[in-house]
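In what follows, chain A forms one complex with chain B and a second complex with chain C.
Then we have the complex of A and B:
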């Protein structure tokens, strides 16, 4: 005998909610899914009427469902928001070009304006070109740092007040575990916030913070939403993969574990004595940064100067190596030509990561004025 | 989703580096073992290293006073045995600077939760008590099921009455508690509680909390204020991940710090937390320290048998490839702050309640989801009506004992038990709620302290309600 829906009790249930374990019919599931997101939006006071909200759209399931739900809720509950789709083109052939096609279809399906910003125009580098330089290791570092800025820049160009992203509960739980494993206390504190960046640039929020990835997939599946589901062709990050696998295994043992981890993240407090990185703005691009020069600028500098490892790992290590090389070259020149000493060689002491000495080096112009 | 990986240095260790014969990093003699990432030590320097880590941890904290009597929780396992050996060594005449505290040992017998043959139980008990007696320190035994009847507030140490939950190894060589009938009843009760819990993870969590409370209670009755446990960094790393995965994020600092002061007058101290499992095992191996293998409920189980087991598999697996995993995790926990120990506490684990959270939080989000998918309806009207949640009859007490099990409110019965699981839930922390969720045993079988303290808290809340009109806004409830 088919089971009845636990909510309406009339129709036959067609699915078991991963989040609560209850059997629901299709309509009740849609309704519960949407209302929960509405609940999150209300309780966390994510938006105020009249705001322009940029939806970070990659064409994947999370952002497609996000765009759909935001539109539905905006109309149903009169948020009074102006919604726009914002995509970042990382320049990955065989992956992003295909997924952008999906976003373009979404643009028509949901009747929302779409803007695409590309790494190429912002930084002068596509991911394909970056991978050629750096190889398949650490390439995700570049992509992640650049994407964060690219979204912000795109949204600012469009005059948006906020950015919403499709990060779901699984993503956040995974990040909590990652940050525990890496001992990154600053990120551990930040990563469970539903809205980030309130004090600096555009606030970003995650309406799917309490939404299970599985439920997003179910929603997209039953609603037959048009989304793109291929993994990035450049291998995903190995260390995060461990955290991901752990979360998936946990979910099998106790499905509520994902929310439980988020609760843990929310209720952790950081010792007062622990020094936190202070947020300032980058002296080159004026984007929010915890160092004098932001990561993106350092990475870009590395790329443009043919030292792509500059932005990865311990900055001062690579920086010192480079300075030593330069100094050695300088000495050679001194021996050869006598005269002009290494006036342009700044011997950084290795401790002050990207300190005053480095400011004189600027981008060679390819980055179209970002740096 | 790609990620931002800051630290490009995380690469698995190259295997050829591991097996090279090296000289001791301290004295230059041939090394006999490698610890940390690739530091080689000779036997003598390794001992100095381990002893230093142990003593430095105690010394730095300045918690243990001269001549203080401390209780050492001794399971008989490798870590406990190493701790015991380190203490013995530090108290011996040949020690460079003698340790100043006076230890007493306590072993909690947990055979009742395992399905082992009687002869095996007996063998384990005899072995443990042999190790304890050989140490020459005063030694006591207790049994986990006795935790069900303890009174947490009892402070006297008139240990001669029948309800005393511990007994000396000297007094009773047959290793049986003073009152066998009582413990047999309690054993039955404990197994019924464990059966009533919904998963192995819950059982494991419950057993751990019960054990801790039993040890604290005994320490209190014997007049100790410090309990030394032998949790090593590997154990703590697993604990941290388990805690985070079970919604105990706010308790990580308590559960894994050097000291845990949540129980007020009795404090847990973890003097070997700077050493990892490998170091302690090597220490045991090198200095002929004898230990017992005590199985737990997930022994021989799958990696997915429980959350703790999974976390263990995960951490030890990562540790094999990334040697800094455990120390990274433990360092994270060291940066976490303690919750306010003066606030209302969980009636089971005694950690400050973490359930008073804002409206935009994981806890409220789950409550809302449950409300929607159980008592809601597709109509828009019922979203806003709070009545669906306020009904305390069968609907909200899903699996309370005595309910017809429909869970839809149709039977309208109220279970006859005095306290419902649901009522206890309000006085539990998030983590303990998870453990007791869907508990389908009788609430009367739960530890006495849980039920009595819940009653007391409810009573207090009732009183507070009566005088609510006369209370000023900022009057704090102690």
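Then we have the complex of A and C:
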């Protein structure tokens, strides 16, 4: 027999809360779920009255529940926010086109305006076209970098003051673990912040920072919210997959592990002597960047010039190879008096390869750090 | 007497079962009472069509799949020890799909 609700003591409990272990009935669960998010919003002073807030909406469970909850709380607690749904169309046939249909239904169900920005209009490339170029390795890197900018650009177009995303506690714990494993101290320090991007672009907030995935899914299930749950056709995303499975295994043993990992991430202190990448703005698109030219611009350049690997992994390696090829072509031009048909370029390529090899062997630290 | 049950998959878990969400099934008669513990391998062998390792891990469901027994969290119902009754409705929801 099911237990009675630990809060009202009247109805049967339907859910054991992972964070607290409390057994609650449907109504008490809804209340606790919503009010905890309200508490997070207040504690972190996420919003001010009169602001326009763009909700990053993918049609998946997290953003669907986020749109619903934001609307409920905005009305219940008079946040005075203007809420808009903002979706990014990555151009993935059979995946994003279907999930965008879900967002369009959400628009009507929640009576919120919807704007869709596409990779194609912003960058001139759909993910389908990018995958054709680069295959199924590293494609998620392109998508991630482009999506981040696309949301910002869409939100600015709409005159939004802030963006909210559906990242939940499980996601953040995964990210903490991933950054520990990668030894990425800069991201490790940033990844638990509830609001990011305050130093340049639009602030981004995560109202679900302390909300467990289990509760989001249960909330959506009991409220019969309409969401889309197909995996992206291009996304093996193996690295996050491992972190995800690990977090879920931990949760099974001790549900508070998720909050504990987030707490550890928050408590992380980095010694002052540790040199951190400084953030600046991209000289091409003026988007926030830790390099002179931002990742998205480098990636786009690579795609447009038929060198898609330019934006992946060690940029300088690919860049150097390319520069040398160009230099070799230049050399060729002076020799041949301008003729650069493909046969000549092939020869030049071969030369470059061997000379690069020589260079690597002979370099003794005078090559401005590319070796 | 066979035991009739309703088994449902959602949140992406249905993809393991030929994209069919609702299954009306009858468990064959057996000496001991059917429990969730014995139901899971039965589902794996009879309903799951691909990648059974995404459904079960060890003797239980893969972490990240939520289980509801008659609309209540299975963690309140004894999990694997729950004894199945006629026409029980068991729902499996994957939380591992897209956000």
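Basically, the second predicted complex is superposed on the first by the 336 of 371 C-alpha atoms of A that agree within 3 Å, B and C clash if a C-alpha of one lies under 4 Å from a C-alpha of the other, contacts with A are read in each partner's own complex, and residues count from 1 in each chain.
As a convention for this text, contacts are C-beta pairs under 8 Å (C-beta built on N, C-alpha and C of every residue); 3 or more make two chains touch, one makes a residue touch a chain.
All values derive from a computational prediction rather than experimental measurement.
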Which of the two partners, first being chain B and second being chain C, lies in contact with A:171: first, second, both, or neither?
both
Is it chain B or chain C that touches the larger share of residues in chain A?
B
By the touch definition at the top of the document, which applies to A:31: first (chain B), second (chain C), both, or neither?
first
Touching partner for A:249 - first (chain B), second (chain C), both, neither:
both
Name the contact category of A:68: first (chain B only), second (chain C only), both, or neither.
neither
Quick one: is A:312 in contact with chain B, with chain C, with both, or with neither? Answer first, second, both or neither.
first
Contact-wise, after the overlay, does A:153 reach chain B, chain C, both or neither (first, second, both, neither)?
neither
In the overlay, answer first, second, both or neither for which of chain B and chain C A:204 touches.
neither
Given the touch rule stated above, what does A:232 touch, chain B (first), chain C (second), both, or neither?
both
Please indicate which partner A:271 is in contact with in the superposed arrangement: first for chain B, second for chain C, both, or neither.
first
Common ground on chain A, meaning residues reached by chain C in one complex and by chain B in the other:
171, 232, 249, 252
Residues of chain C touching chain A in the complex
10-12, 15, 62-64, 66, 68, 71-73, 75-77, 91, 93-99
Residue ranges of chain A touching chain C (in the complex, touch as defined):
2-3, 12-16, 23, 58, 60-63, 99, 166-168, 170-171, 213-214, 217-218, 221, 228-232, 244-245, 248-249, 251-252
For chain B, which residues count as touching chain A in their complex?
1-10, 199, 201, 240-241, 243-250, 252-253, 303-304, 306-307, 310-311, 314, 318, 325, 328-329, 331-332, 334-339, 354, 357, 359-366, 368-370, 372-378, 383, 408, 430, 434
Using the touch definition from the top, list the residues of chain A that touch chain B in their complex.
6-9, 17, 19-20, 22, 24, 27-28, 31-32, 35-36, 39-40, 43-45, 137-138, 140-141, 143-145, 148, 171, 176-185, 188, 194, 209-210, 232, 234, 236-237, 239-240, 242, 246, 249-250, 252-254, 256-257, 259-272, 274, 309, 312-314
